[in-house]
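Read through the structures below before going on.
Shared between the two complexes below is chain A, which has chain B as its partner in the first and chain C in the second.
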Partner chain A sequence: MQKILRELIQEKNKTKGASQWNIAWRRFKKNKTALAGFFIIGIIIFMAAFDSLIAPYGPNTIPGFYSGETRAPPSSKYLFGTDYVGHDVFSQVVYGASSALFVGFAAALIVMLLATVVGVVAGFYGGIVDNILMRITEIFLVIPFLLILLVFLKVITALAPSGGGGLFMVTLMIGIFSWAANARIIRGEVLRVKEQEYIEAATALGATKTRIMIRHILPNVLHVIIVLTTLMIATAILVEAGISFLGFGDPNAITWGQQLQKASEAVKEAWWEGVFPGLFITLLVLGFTLLGNGLRDSLDPRLRE
Partner chain B sequence: MTRYIIRRLLYLIPLFLGILIIVFAATRVAGDPVRLMTAMNPHITEEARNNLTAYYGLDKPLWHQFLIYLANLLKGDLGNSYVIRGGIEVTSLIGDYIWPTMLLQIVSIILALLIAIPVGVISARRKYSKTDVTVTTTSLLGTCIPIFYMGIIVILIFAYYLGWFPAGGYVTVISESKDYFLGSRTLDIIWHMVLPVAVLTFALLAPIVLLIRSSMLEVLKQDYVLAARANGLNDRKVVYKHALRNALIPVVTYVGIYFGAMLAGAPITETVFNWPGVGRLFVQATNRLDFPVIMGITVIITLMTLIANLITDLTYGYIDPRIRVE
Partner chain C sequence: MNKELLRIEGLKTYFDTWAGIVKAVDGVDIEVIEGETLGLVGESGSGKSVTALSIMRIVPSPGKIIEGKIIYKEENLLEKSEKALREIRGKEIAYIFQDPSTSLNPVLTIADQLLEVILAHQEISKKEALEKAIELLKLVEIPDPDVKIWNYPHQLSGGMKQRIAIARAIASQPNLLLADEPTTNLDVTIQAQILELMQNLRKRLGMAMILITHDMGVVADIADRITVLYAGRVCESADTKTIFYKAKHPYTQALLTAVPSLALRTDKLKVIPGNIPNLIEPPSGCRFHPRCEYAIEKCTEKIPELIEIEPGHKVACFRALEINLESPLGGAKNN
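Then we have the complex of A and B:
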């Protein structure tokens, strides 16, 4: 009898060790591209965290200006050269990391909060609630989103010429106008989960709708939300770079997009001014895309062989 | 099919109205446009401001202004610019700028589809081969590089170092020392188009290739593909006749979405290549707070996106007849 019990306990411990998240983690560790993405993001987070230690010059100093080395090519003194006023491009790239990460994470947070609420509520309640929410979602899907963003940002800056809310406003605007596609995907996922038997069981046991949504539906669509969040970070970084490139970003922040904008005026004379910031945007976006794809492969049970 | 088309058309009206309301709100969120535009001008008197406000009909309540705009829109009148060429009509302004934009966008999407379909199919057929790995890696990179960065790199290499193509613009401004490329205006425009079209095509191509590849892989696993093979059909026929048609169904939806996104992204592509289209005009108008032009361009781009969506829906209904019945 005791032997059987012991075996049972061992069996239980074994299965406990292989929960859904454990399996996902094991698959993730084997995925080389996902680990590469993780590695790239790690380096850039490190860069942002210790920016003042890594950068050889301060964020607002123009070392090249006083020595007459504006638009100087890369050298041992200026690793990535200097720009039109004499900023050290390498230092500027290092300081730009935190802006890019901030925009990416904060915008993705806003987007996913909106998308999750809309997607879960629409998918779970169905009927008229679903209908109304989905019509609103469609409006936000079709709207020429970059155009609206530019108008809002310009008007806000015109209202308060001294900064106009800065990088946070840019982030908020990106968040408000990019949730629709994600809400749709989450809704589809909720519709699938809703039909499962354990939801029926919970309803039969008298669980309230809110409880079912939070305790049963949400955990079962969480893997989709995680993947979408990662990919959304990449998108938000790209969008912010585009806005800054057009000159609608926060003029007081150091961003890679703005560096590219200044550089584009003189690519012929000083290629290093734009090539390096652009390279870092691409790297960071690539990092999050690889991580997102890797997470999708390891978290989505339907892709398991 | 006719009923399906009518139903889709009716469906677009509330969508269009919703977008119009948001755009209108964007231009009015800061209050009176006249006050906004004259905020930096110390010489303007309060009376002059009031005159301007009344002249543009901005003294009426917001809903009234919106209805007037809507009524004029139905008559094909988008109002007059606040600043450009002494208050030129927005419709004729857009008329000048829309063709370069359309030219760039339509040529790029056609090229992207022509290249993406065979590349995606080949990639799927030779899964994990060297070709497949090269294609997927390049496409993945293509989705990560900002389009303006790609533009700058391409200009740097092909315009400045190699000198093969012009760095920007639509057509050569002829002078005594400069003539059109090979003496022809059409060839000159094409010569200017090469770099922007290449960048735009690559940007569109990358996600479409990945989509076709994964969709094809999914379809090739289906039973009817196996059945077709078991019946002794050759591989080419199975892939291109039976599988491709089904693999294209999800792709069609996304092509509509990508096309809309690229149109909305026109300000960026056109700014990089100094292309005289509505996108670059939009950036200039926004910087000068020229609201009628801003509204006009947004309306036109929204309409074009909606038409692209409609074509998508119809193609969808054509490829997959089940969709038509609801």
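Then we have the complex of A and C:
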């Protein structure tokens, strides 16, 4: 009895001053799979940050080429083996991390900015504004995403003398063509929030529309935006790998997708050439997906234990 | 002293729904005198809340104010621009909602919510505003205001939240407070505390208040005057004592009879037969006639006007003077 009481008091003290974020963090810490996702992402970010220290060979060196060790199997010298021209696969995988992260974060940033603005404005103002914005959104939803992306990249590469904007252009294109679904989800959430009484109360207290949108609606849909962002990062990384694999990526950047493509020519003879970059794509995407799902569970204010 | 603060004339607020036009408020006349408490009484769906929301012009879609005048301090609020209205909302007229757990934003701290109103209407620094917010919490009798101000709504109890909502409403010392069933969602002991607090604050700050409720006990306690609404129209309006002891409208009479009272010592509670009418196609003539035991043919044909039968006592009933209702509270002898 005493013990239970003490635990109750402890629990109560813990709750003191707990904001929604504190509660979310406590719930997140209990979620083992989400923590695993967090850990995987941490490792890959570490890899990207210290790539030149971790990689045994430089990004553009071909150590295996001169010694005749092309497509050499994994060994103590080449941890993940070498590829068709003699690149060290391990080094290439390490250098690929920053590309993957850049594409993931930058594309998700573009997507979420567009989706949030469109979703919040459409949901909040409703009527004709909503109608126009949602029809535009639908246009983006029905066009075959990957196909149009490849066409645009091809056209831009053909038009630009220096072969396009490289990885940044790929990222920008992914961003521009994948905001629509997220905008719809955010709009739906805004529609729910704007009917809440506290929005009416804010109006009754003399708040302006802009203020209500930014100060009252946005924080109440933020949990959805955060979750969608993490999941979007995962999607963008996958899409970029797909584009690179199809040969439409930035030829000057080291990306896991391109390594996969080169490896696909010799899957039987040199499995290590493809398996390792593929493994890291999977790991990173898995990391963000786990994190996203964990965040969804811990940020949803309706799921309060 | 008896200066008029607010006068509503012939207010009509309709909701254009897929089922038809709901005439939620259909020609309501109300007056509020400076510094008084007006009880706005009626069943659910009688148009009490919609009337109050119309005053602030925050009727939710698809509701629209069709016609009428809302004269506040000699200016018609219905002719004001949205920008001019913002200067009135929260500063001149403030609203207290029924359920404090939904009328406070869950993701903002109490400080955020109070500062928002204070800074919207007063040109003071953030630090001064914070001090003012703590003062407000003291005024609504929140214990440890400098700690509680950093809490989120979900960390406070229902009564405490309603105190916060009241603090937020009085932040800019409005002249008129609209309280929409402010105690309905609280338990009885807290109800009494909140009502007492509101009454004290009203007197201290010299505000007028429109108290919307369906609880006759609540208005008996704190209202100076009472206006009874039925199906979007005013039935009767008079000072509290007159309503309770010398009501002239059968509906008012029925409402009073339906209040459980220890004084009456009856076994069965009397109820008003039937429901509030469909407001898409309201009954012809007097809207109460299908449920009224005194109805005559004239009641089904013509809509009775609100007539002043004594100074300050208005009734909308053709038979007000002939049927001689007896108050269930044994009114006549009290006079």
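One rule holds in what follows: the second predicted complex is superposed on the first by the 286 of 305 C-alpha atoms of A that agree within 3 Å, B and C clash if a C-alpha of one lies under 4 Å from a C-alpha of the other, contacts with A are read in each partner's own complex, and residues count from 1 in each chain.
Convention: a contact is a pair of C-beta atoms (placed from the backbone, for glycine too) under 8 Å apart; a residue touches a chain by one contact, two chains touch by 3 or more.
Given the structure is predicted, the values throughout are model-derived calculations rather than measurements.
Aligning the shared chain A places chain B and chain C next to each other free of steric conflict.
By the document's definition of touching, neither partner reaches A:I62: not chain B, not chain C. In the superposition on chain A, contact of A:V275 is made with chain B only, not with chain C.
Contacts of A:I226 after superposition on the shared chain: neither chain B nor chain C is touched. When the two structures are aligned on the shared chain, A:F245 is found in touch with chain B, with no touch to chain C. Seen from the CA centre of chain A, chain B and chain C lie at an angle of 100° in the overlaid model, rounded to the nearest 10. Number of chain A residues touched is higher for B, counting chain B against chain C.
In the superposed pair of complexes, A:L191 makes contact with neither chain B nor chain C.
Looking at the shared chain after the overlay, A:G206 reaches chain C, while chain B stays out of its contact range. No C-alpha atom of chain B lies closer than 10 Å to one of chain C in the superposed arrangement. On the chain A side of its complex with chain B, the touching residues are 135-136, 138-139, 141-148, 150-152, 154-156, 158-159, 234, 238, 241-242, 245-248, 257, 260, 263-264, 267-268, 271, 274-275, 278, 281-282, 285-286, 289-290.
On the side of chain B, the complex with chain A involves touching residues 14-15, 18-19, 22-23, 26-27, 29-30, 36, 39, 140-141, 143-149, 152-153, 155-156, 160, 257, 260, 263-265, 267-268, 271-272, 282-283, 286-287, 289, 294, 297-298, 301-302, 305-306, 309.
Residue ranges of chain C in contact with chain A, taken from their complex: 56, 58, 60, 86-91, 94-95, 97, 99, 102-109, 116-117, 120-121, 150-152, 155, 165, 168-169. Here chain A touches chain C in the complex through residues 15, 17-20, 196-198, 200-208, 211, 215-216, 219-220, 222, 301, going by the rule given at the top.
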